[in-house]
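For clarity, chains are labelled A, B, C, D and E in written order, and residue numbers in each chain start from 1.
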Amino acid sequence: MNAKKSDKLATGMIYGLVGIVVSILVALLGYILYNGVPDINWHFLTSEAQSFSAGGGVRDQLFNSLYLLVLALIISFPIALGAGIYLSEYAKDNWVTDIIRTSIEVLSSLPSVVVGLFGYLLLVIQLNMGFSILAGAIALTFFNLPLLTRNIEESLRSVPDLQREAGTSLGLSGWKTITKIILPMALPGILTGLILCSGRIFGEAAALIYTAGQSAPSVDYGNWNLFTETSFLNPMRPAETLAVHIWKVNTESVTPDSSAISSASSAVLIIVILIFNLGARYLGNKLFKKMTASK
Amino acid sequence: SNSSSATKSSSSEVSGKITAVGSTALQPLVEKAAGDFQKDNSKINITVQGGGSGTGLSQVQDGSVKVGNSDIFAEQKDGIDAKKLVDHKVAVVGMAPVVNKDAGVKNVTMDQLKQIFTGKITNWKDLGGKDEKITVVNRAEGSGTRATFESAVLGGEKAIKSQEQDSNGTVQKIVSTTPGAISYLAFSYINDKVEALSIDDVKATDDNVADNKWKIWSYEHMYTKGDPKDATKKFIEYMKSDDVQKKLVKDMGYISTNDMKVQKDSKGTVSDK
Amino acid sequence: MDDIQTRLQKSSRATRQDYFGKVICYSCIGLIILLVACILYFIASKGLATFTKNGVNFWNFLTQSDWKPGDVDKYGNPQVGALPMIVTSFSVTILAALLATPFAIGTAIFMTEIANKRGAKFLQPVIELLVGIPSVVYGFIGLSLIVPFIRGIFGGTGFGILSGTLVLFVMVLPTITSLSVDSLKSVPMHYRQASLALGATRWQTIYKVILKAAAPGLLTAVIFGMARAFGEALAVQMVIGNAILMPKNLISPASTLTSKLTTEIGNTVMGTLPNNALWSLALVLLFMSLLFNLIVRFIGRRGNIKNER
Amino acid sequence: MKTYDFNQQYISKIEQEVALSTENVQVHYGKSHAIFDASLDFPRFQITSLIGASGSGKSTYLRCLNRMNDRIAQVDGKILYRNTDINSKTINVYEVRRHIGMVFQRPNPFAKSIRENILFALKNNGINDKKELQERLETSLRDAALWDEVKDDLDKSALALSGGQQQRLCIARSIAMHPDILLLDEPASALDPISTSKIEETLKLLSKSYTIIIVTHNMQQASRISDYTAFFHMGHIIEYNQTKNIFTAPEIKATEDYISGDFG
Amino acid sequence: MKTYDFNQQYISKIEQEVALSTENVQVHYGKSHAIFDASLDFPRFQITSLIGASGSGKSTYLRCLNRMNDRIAQVDGKILYRNTDINSKTINVYEVRRHIGMVFQRPNPFAKSIRENILFALKNNGINDKKELQERLETSLRDAALWDEVKDDLDKSALALSGGQQQRLCIARSIAMHPDILLLDEPASALDPISTSKIEETLKLLSKSYTIIIVTHNMQQASRISDYTAFFHMGHIIEYNQTKNIFTAPEIKATEDYISGDFG
């Protein structure tokens, strides 16, 4: 019965660990939501931020965060997909691949400040983008790429080789096999990775302070022409995101209600991520079912 | 557009794009002013960003931005050629030592303050307060606030190695929650969660700053590379106008340059205006 | 017949597709490499300037503990000693990883091997949610909850390595957990079947079969967590105290490479020693993460060889 | 495919000692009903084979017998082993599986060395004596007709073996545990005739001291080695009898059709 | 296991038209030599079976014939198809595989619906005509003896089928491509006798217009369906001849031993 006892013991230990983790998580989320949710209201979500009087909102910051997220994903996902496919399907097991992997991992462990400053010097100054959403999105891409790439590679790898053989033996090109057979099967895993990355993008501040900027000039939400200065879609305008706003409010703001704004913004941020997570999960499941026709 | 447009200063035909980068402390003021300014000057587009005084000065020196915001004199910064830059002082900021409320001290002498920050006095009871260790929280090395404080208080001596924070908000929070903590804050960040000390029985008020009874203050600068032109010139004029100085500057907790009875140069020498 | 013969020799849609795919993938990977090379060059050129242009002694940089790039010591040499920050960075990272790993892997095991579908379904989004909480928020929660807590228990100011470790622990927990879950999930189902059919208990199966098969993945997960801890700035900066002192214990104020970097970079002027010195810190960060990666790679390879033989 | 009347079935009573029996076992995969009311007695120290068309539920049923379906399917009914209902919630499933070993349709060796594959479960079981381990290693590999091929490569990864070799390793792994009952799900479908016949001989030998239940598609195999045979059809056990009766004079039409569909 | 003299081999010449032939094919997995000097001619519109013990290299050899070993192993020598050496680097391997289809030992349907499994490759091949697709879908499933079981569930996921059903689906998928040559690696090892015999009939029918090469462990199967048989032993092709000769009067001792090791 020794084995059974140690099984019980280990299971108990795992339950203990999970219990602690869950209580930390719940306490943390509870703390943020408890402090923040009472201050969230329609006005808060739909009005502009105020620099020194009370009653400011986060409309622009919220939109900027979402817009930046979408833009960053549009830029980074295809690159990461290509790189992930390369690593899982084409890369040979040699030193070149080793170097590639190492450099990707190094990229992922760069501190955000460094990436932000690099983005600042390269994009904002050198390439003359100015403080802009585009510069911010590209800076975020630097973070995203290693995470996404790795995740995509691993999801692809977890698809059994039998599937590759099936495709290959039917005379399908490697590319078709990968994109039409392997990729759909790897989709749920890829989606999880995407969600994780989106979360990071949403919460990232340090890299954006120097690239997307920390002010949110008011924009015209009716102006759909993205080449005009005031359009909300103009990728060349500076844009303070929600996370940067939280940072700014906490560090330098003189508004009397700064702590309420900061807690409410944090809560909004988390709620948005939650909605995003659940939505993506639902969508992913549907997509998977559709692509694989399983019931 | 060239110099001819600069002469018609009130016409709204002036157009252009201004980027102002630098001091995070000054950012809200400039940002707000820029917003108001653009209501009447729709062709001028102004972007205001933080990044720190050092960043502001180096960018304006490189010509990457039109305006560099700084809370430190360009002369005081290594690596900046102050001669190439033109200083526009847009506000005055007063700073006061703040302590955690339960230290039990409300007034210190300038010398005591110096001894605290150089590590010679380490307990509040030496100053008539509670028996509690003094926790010094300094500001980030190289920041304008620290430079101002040290030149006014330390007189050339070195501060002890201690905690450092780079923003008013964080310092305020740390001082208000850490027993025995002392640091210094711009007037606008002082609230009832922390105790602002008087120095030599002089209270930290705007009026005392205006006639230099209160010694710890500095300017907020907007630097341009050479004399400002066109849109930039118009905007800086606006910053110095009564619209901004009488209202916005006060609202943000700064002191208007117009109210000052004295002036300070980059070496810290104070003279009557 | 001839038709087929020529078709065998000629390229077809499939070859073109494959070529197309290869071009795309190689370009993507090329782009990433280019990017990494750019960043490396950028950081190296700035960070090395401290030693080449400003004449700081590299050995002193690594072993001395006075950090005053603006001043000179009595011999007229700039005082640029990064040792306290290097030590602190290492300490918080390793401590946070040590603390987080059992919790993260335990949770991952729970989610993949023990929990029913509903339990895992509940935990997963919650954990993913945590990744999205901004560093600033972690920092402020640390400042409002952890620092007073540590102060209450151990005395002192509450700022220091311990507070930094605790904040980082919570921050890297979700990262390590979700990556561990992925690697556990990728262990083939039939390993579990085989082990169970032999009468192994669930724990024996987990411990001897699944964890072993997933070991490289788990190691990577931990390293990723460490990388995140290493590079984290805003949150640590708020709770560690930012004092450039050799850490004497876990509760005295200290400063990490990143916290120093974040605090000061805005106040320095590009091209001057104080600025370059900060870039040297970034270079150290980069170098250390490179080192970590190489160690992992080495361990991973040894593990593989043992498995295959 | 013809449809048959499932009420028409012929389950013969077992005269000998019964090692394992099921009573009204039902299996559901979600909502789909895979096994209907399966009641069988497995005689001790005999080989029973389960035959039937692909998809008829043989694997599903077999997997119930040592609780391998626990997390996959909903299993109702009783499974009696040593007067205990091992399908009850309170049962120690590990102990069950230790006494009722299983070999799967697809070879599933661990990504360990050949030696470790065999010794893994033994060590788990607290057997640490070097000599005993070595001895079990050798005999189990011999019994599975694998010893000669791998004896010099015991520390090679099991994954480097061919499919057939892998399967024989899995059999060896199970035998090494000295189980009471051995369940085999088409263990020979990936084996060549020589290995197959060796395995069959082994099973024959083992049946002197073990109870063996084997799923097979191979009619000859069933008729050659098994004492009893159960015929599955669409989730129902249609006929169960001594193998010689089943193959010479099946009682039920469905069985006869299936067997004669064969190519004797 | 006895050791034989590998120089002693008997490879009969093919009189008929040759559909595919190999010349001195060598296969290495890294440093280990898996196939030695394999030279065979496969007659057109005939079934050739490859037999031999587990691990003797049958799968390895078969996989060379449509370049499935490209990324796994080092294959040297010539493989001639329509007067072209399809083992050359410049060959369009996709085109090769389109004409030389393959069915594997383990069923590997796509995670798609049954319909999509069949139609996917066809559509990729540029066949878009609805009627043609529907027709190929049905005939291929019929030929693989699966139509009756799945005709009402064509949009169900293929992964929900049982192992045997999955394998038949894979055969159908290959047939639907109308290949020239069909390679099968123990396609029936997971099938029940009824399906197996249906498949065998299908193969027989297909051999009127296709060249078929099949690896099998089942001696009866080999003797029943194939016209030619090649016997593999430890990476060498020891004997190759008409099936009836191989099974009645093998020339080489190793072959005889293997076949008589069987249980007729």
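Simple rule for what comes next: a contact is a pair of C-beta atoms (placed from the backbone, for glycine too) under 8 Å apart; a residue touches a chain by one contact, two chains touch by 3 or more.
Owing to the predicted nature of the structure, the values given are computational and were not obtained by experimental measurement.
Trainee: Could you tell me which chains make contact with chain A and chain D both?
Mentor: C, E
Trainee: So how far apart, in whole Å, are chain A and chain B when each is placed at the average of its C-alpha atoms?
Mentor: Centre-to-centre distance between chain A and chain B: 36 Å.
Trainee: I'd like the Å distance between the centres of chain A and chain E, where a centre is the mean of that chain's Cα atoms.
Mentor: Each chain's C-alpha centroid was found; their separation is 48 Å.
Trainee: Indicate the whole-number Å distance between the mean C-alpha point of chain D and the mean C-alpha point of chain E.
Mentor: Result: the chain centres lie 29 Å from each other.
Trainee: On chain D, where are the residues touching two or more other chains?
Mentor: Expected reply: 94-95, 106, 124-125.
Trainee: Which chain C residues sit where two or more other chains touch them?
Mentor: Residues 13-15, 18, 140, 200-202, 204, 262, 265 of chain C each touch two or more of the other chains.
Trainee: Return the residues of chain A touching two or more other chains; collapse runs of consecutive numbers into ranges.
Mentor: If we look for residues of chain A contacting two or more partner chains, we find 3-4, 7, 171-173, 176, 250.
Trainee: All pairs of touching chains, please: list them by chain label.
Mentor: So, checking each combination of chains, I get A-B, A-C, A-D, A-E, B-C, C-D, C-E, D-E as the touching pairs.
Trainee: For the complex, which residues does chain B have touching chain C?
Mentor: Contact set of chain B toward chain C: 24, 50-55, 57-58, 62, 77-80, 135, 140-144, 161-166, 170, 173-174, 177-179, 181.
Trainee: Which part of chain C faces chain E closely enough to touch in the complex?
Mentor: Within the complex, chain C contacts chain E at residues 1, 4-5, 7-15, 18.
Trainee: What does chain A use to touch chain C in their complex?
Mentor: Chain A reaches chain C through residues 3-4, 6-7, 9-11, 13-15, 17-18, 20-22, 24-26, 28-29, 31-32, 78-83, 85-87, 89-90, 98, 100-115, 117-118, 121-122, 142, 145-146, 149, 151, 154, 157-158, 171-176, 178-179, 189, 192, 195-196, 198-200, 202-206, 243, 246-247, 250, 262, 266, 269-270, 273-274, 277-278, 281.
Trainee: Would you tell me which residues of chain E are touching chain A in their complex?
Mentor: Touching chain A from chain E are residues 66, 68, 94-99, 101-104, 106, 108-113, 116, 120-121, 124-125, 155-157, 159-160, 170, 173-174, 177.
Trainee: In their shared complex, at which residues does chain A touch chain D?
Mentor: So the residues of chain A in touch with chain D come to 2-4, 7.
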